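These are the structures in question, set out in turn.
Two complexes, one shared chain (subunit A), two partners (subunit B, subunit C).
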Partner chain A sequence: MTKENLFEEPGLKQITVWARGVYENKEARDVVVAITEAAASEGRFVQAWENYVDLPDRIYVPVRAYGKISDQEIKSKYVYENEAPDIVALTEETLVKGVNILEGIKPGAVLVVNTRRPAGYLFKFIKQGTENLSKIVTVDANSLAKSIITLSGAEGATDASGIGKGMGAALAAAIVKATGIVQFESLLKIVGNKNAAKKAFEMADVVEVKTLVRAG
Partner chain B sequence: MSVQVKDVPFAGTVPSPKTENEGMITGSWRTRRPILDKDKCTDCRMCWISCPDSSINLTNGSVSFNLKYCKGCGICNEICPVGAISLVPELDFEE
Partner chain C sequence: MGVKKRISGCVATANAVKLADVEVICSFPIRPYTGIMSELARMVADGELDAEFVHGEGEHGQLSVVYGASAAGARAFTGSAGVGVTYAMELYSPISGERLPLQMAIADRTLDPPGDFGSEHTDALCLRDQGWIQGWAATPQEALDLTLLYYRIGEDPRVLLPQYACQDGYFVSHIFGDVEIPDVAQVKEFLPPYKNHHVLDPRNPQIMGAQMEPAMGPGMQYQRYQAVESARQVIEEAHDEFGRIFGRKYAPWVEEYMTDDAEIAIFMQGGHSETCKTVVKRLRNLGEKVGMVRLRTFRPFPTQHVREALAKFKAVGVVDNSANFGISGGAGVLLTEARTALYGLGDKVKTLGFVAGLGGEMITHEEFHKMFGKLKEVAKTGKTGKENFWLPFEL
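And then the complex of A and B:
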């Protein structure tokens, strides 16, 4: 039995959020926590956690936060990394360069980026894994809310600053718009910065990767 | 990102000082790239002294950046007395 077919879970959706250490560690966690909490409120089975290997207390280091959402009970709940994400989100645009963000994505996966730049420009920097990518979503979340910089909650203890008060709320809204993984109304009930989430839901720009390949 | 156990250095230590370490490449951490304005530079070498990652090379008395390891912390930009080093968003560069 290989690692690949250890768990057959067709209904399972995996979300991986990449961020920069210290500055956006909290926002990455907020994105997965907000979306999974929203899914849980819809009666689905969820998990949200952070990568154990990354170093969130080092400034600018790439760090990951994970979420799992399923209609059935999650069998692979002790697998501590998302090996085949359906959704990849970046809290910061330069992660497209030099980091293999799309590693292992499932066919039809969606990439959501917090950026001012157009999707076509970012697409040029992604060197690996684009054959399975279906959409790139861009949203300027930084213009809607600031990043909450705190290490509270980074060790799994009390998260003093609340869920979705910063830019993560906007990024989560963009993910929901592009993928429909949860109802937007359920997300709005969870996040603190409801204004940013609403605006990001309108602003987010969804681009099909097929059109980018033809153009470039 | 995950590393094979045999590749992980013991407690992150390096046996002896060296300029290259394939296990600790930090260039992908960078969000802003330092750019030197050679006309303004006075060769005072404050940036070379201050760089915490020794990512500033000194060749023939003038400084250059080792972008393989520069993580874009911006200390060189802060410390430069004549403002010769600017920080440019990394995605402005294609390479």
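And then the complex of A and C:
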């Protein structure tokens, strides 16, 4: 009983969304809930949850929400964090500074940022983990929908304000455009703000990281 | 049939409380159980549930409120976690002594220190011998189901005892899982309205909880002992009925996972058993004869069933997710209970204690893998040597 990597889950996709406490933690949760619900509607195994230690009731602290999607039953069910994300999303752009957002990402991982700035500009601020990053996706989600500020849905309870009515719908759509993690039609059935999602799906700018590296 | 949703253990429990048509709820916030009460508060505010929702001034107050409510004939619900659970310690014995079948949900949290939000069974295990029905849910679905099962068991006239419906904090209480929420008609069939034969009512005055003479003590305690013992048959009947009505068949005492022809097994309770199952399955695919036995009902402890389940193995590793300092065996409560159950079988089944997941730390696949490795060694040599291991330091 000594073989290594006995418990790898090759088909498992991990989504980590970073946000700012209170102002955006609902949107971060909406992104993972909307995408995992869409995946579940396609018959896949899913999990969604918020980081338990990040304290989302403290204003503007970095907080995380997580999603897992797999074609097989999820084995690493009761964990605290996504240790090897395939997708990292930021509900606002300043999280690229001073926060190790790409920690543990898998080779080929994608970063999706709610921002008005171009990917090349943001890329300069990311100091760690870029060697495994394949794409940066930018979308001005704030121009499409506002962040809904509520503590409804905190602590594992039901979010009575609904899913995907705010900026998270746009961010989720950009993720789907860049990664194809679910069918866009599946996502549209889940999110409340379908208009924002559709526009974000058109607007999102997908940039290959290798082109940024070449540009220096 | 019911509705399928992906919800947390907290929301699953709240849905069961709603389906049970609970009449009095008393809350006080403490992570991680808080989500149950915020969900119930929303249900009451939105008119989904008609219940008296009282916000207590603390956990001692919470248990006092539901004590009174249950005495007055109401189906009552409360809950807590960690130091909140122990703050109300005074009330647990009077409530079972008064034979009031109220329910308390516990989403485990460590006691201080370390005082973090993480799960440890230590909080609920402090209450284990107070005459309450007690057991752990391993998934959000089971959290919902335990709530319904326990009201039915506790309110049975042959039992009349309160219940702790426990779930691992965060792991079960906060991560969304697949849950089938049954419909009202099914629940009505399973859980008849609560009727107590002695009710606090000013129109029919009576004294409850009166001071007793020492000479009255043995009889009262013996009656409470008999109530706990008579719960055994009711627990089995309730699980049969539950399976018939809801289609989910739980073993009332111990769930056996891949134990056929197994030579070594883990014995444990709670949510980490889900992780253990994936390890067992993986090792089975590699040809290892391993299995898992999960305790479903902790109080009353199913001594005979545990003995029967564990007697067939060469070595059993008992996983304790609680801090029990100075305890016999040097591990946790479950090891001592398992060894008591195995008493009389001599040295036939070797038992090792594994203390793991303290402070709310995960019990990883690799840790379970190591435990099975140790058990395999013991089964092969027939010798134990060190018998208690605190993970990750000693294994």
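The rule we apply is simple: the second predicted complex is superposed on the first by the 210 of 216 C-alpha atoms of A that agree within 3 Å, B and C clash if a C-alpha of one lies under 4 Å from a C-alpha of the other, contacts with A are read in each partner's own complex, and residues count from 1 in each chain.
Definition applied: a residue touches a chain if its C-beta (ideal position, glycine included) is under 8 Å from a C-beta of that chain, and two chains touch if they have at least 3 such contacts.
Just so we're clear, the structure is a prediction, and the values are computed from it rather than from any experiment.
Enquirer: After the overlay on subunit A, what do you see for subunit B versus subunit C, clash or fit?
Expert: With subunit A aligned, subunit B clears subunit C, so fit.
Enquirer: Between subunit B (first) and subunit C (second), which does A:Thr94 come into contact with in this model arrangement: first, second, both, or neither?
Expert: First partner only, subunit B.
Enquirer: Does subunit B (first) or subunit C (second) touch A:Val53, or do both, or does neither?
Expert: both
Enquirer: Using the superposition on chain A described above, determine whether A:Arg64 touches subunit B (first), subunit C (second), both, or neither.
Expert: first
Enquirer: Per the overlay, which chain contacts more subunit A residues, subunit B or subunit C?
Expert: Subunit A has more residues touched by C than by the other partner.
Enquirer: With both complexes superposed on chain A, which partner does A:Arg20 reach: first (subunit B), second (subunit C), both or neither?
Expert: first
Enquirer: Considering only C-alpha atoms, give the closest distance between subunit B and subunit C in the superposition, rounded to the nearest Å.
Expert: Between subunit B and subunit C, the minimum C-alpha distance equals 8 Å.
Enquirer: Which subunit A residues contact subunit B in one complex and subunit C in the other?
Expert: 53
Enquirer: Using the touch definition up top, name the residues of subunit A that touch subunit B in the complex.
Expert: Within the complex, subunit A contacts subunit B at residues 20-21, 51, 53-54, 59-62, 64, 81, 92-94, 96-99, 117, 121-122, 124-125.
Enquirer: Within the complex, which stretch of subunit A touches subunit C?
Expert: 1-3, 6-7, 33, 36-37, 40, 46-50, 52-53, 75-80, 152, 154-158, 160
Enquirer: Help me check something: in the complex, which residues belonging to subunit B touch subunit A?
Expert: 1-3, 26-31, 71-73, 89-91, 94
Enquirer: Under the stated contact criterion, what part of subunit C meets subunit A in this complex?
Expert: Answer in residue numbers: 6-11, 14, 31-32, 34-35, 38-39, 42, 46, 117-118, 168, 170-177, 271-272, 274-275, 278-279, 282-283, 286, 288, 362, 365-366, 369, 372-373, 376.
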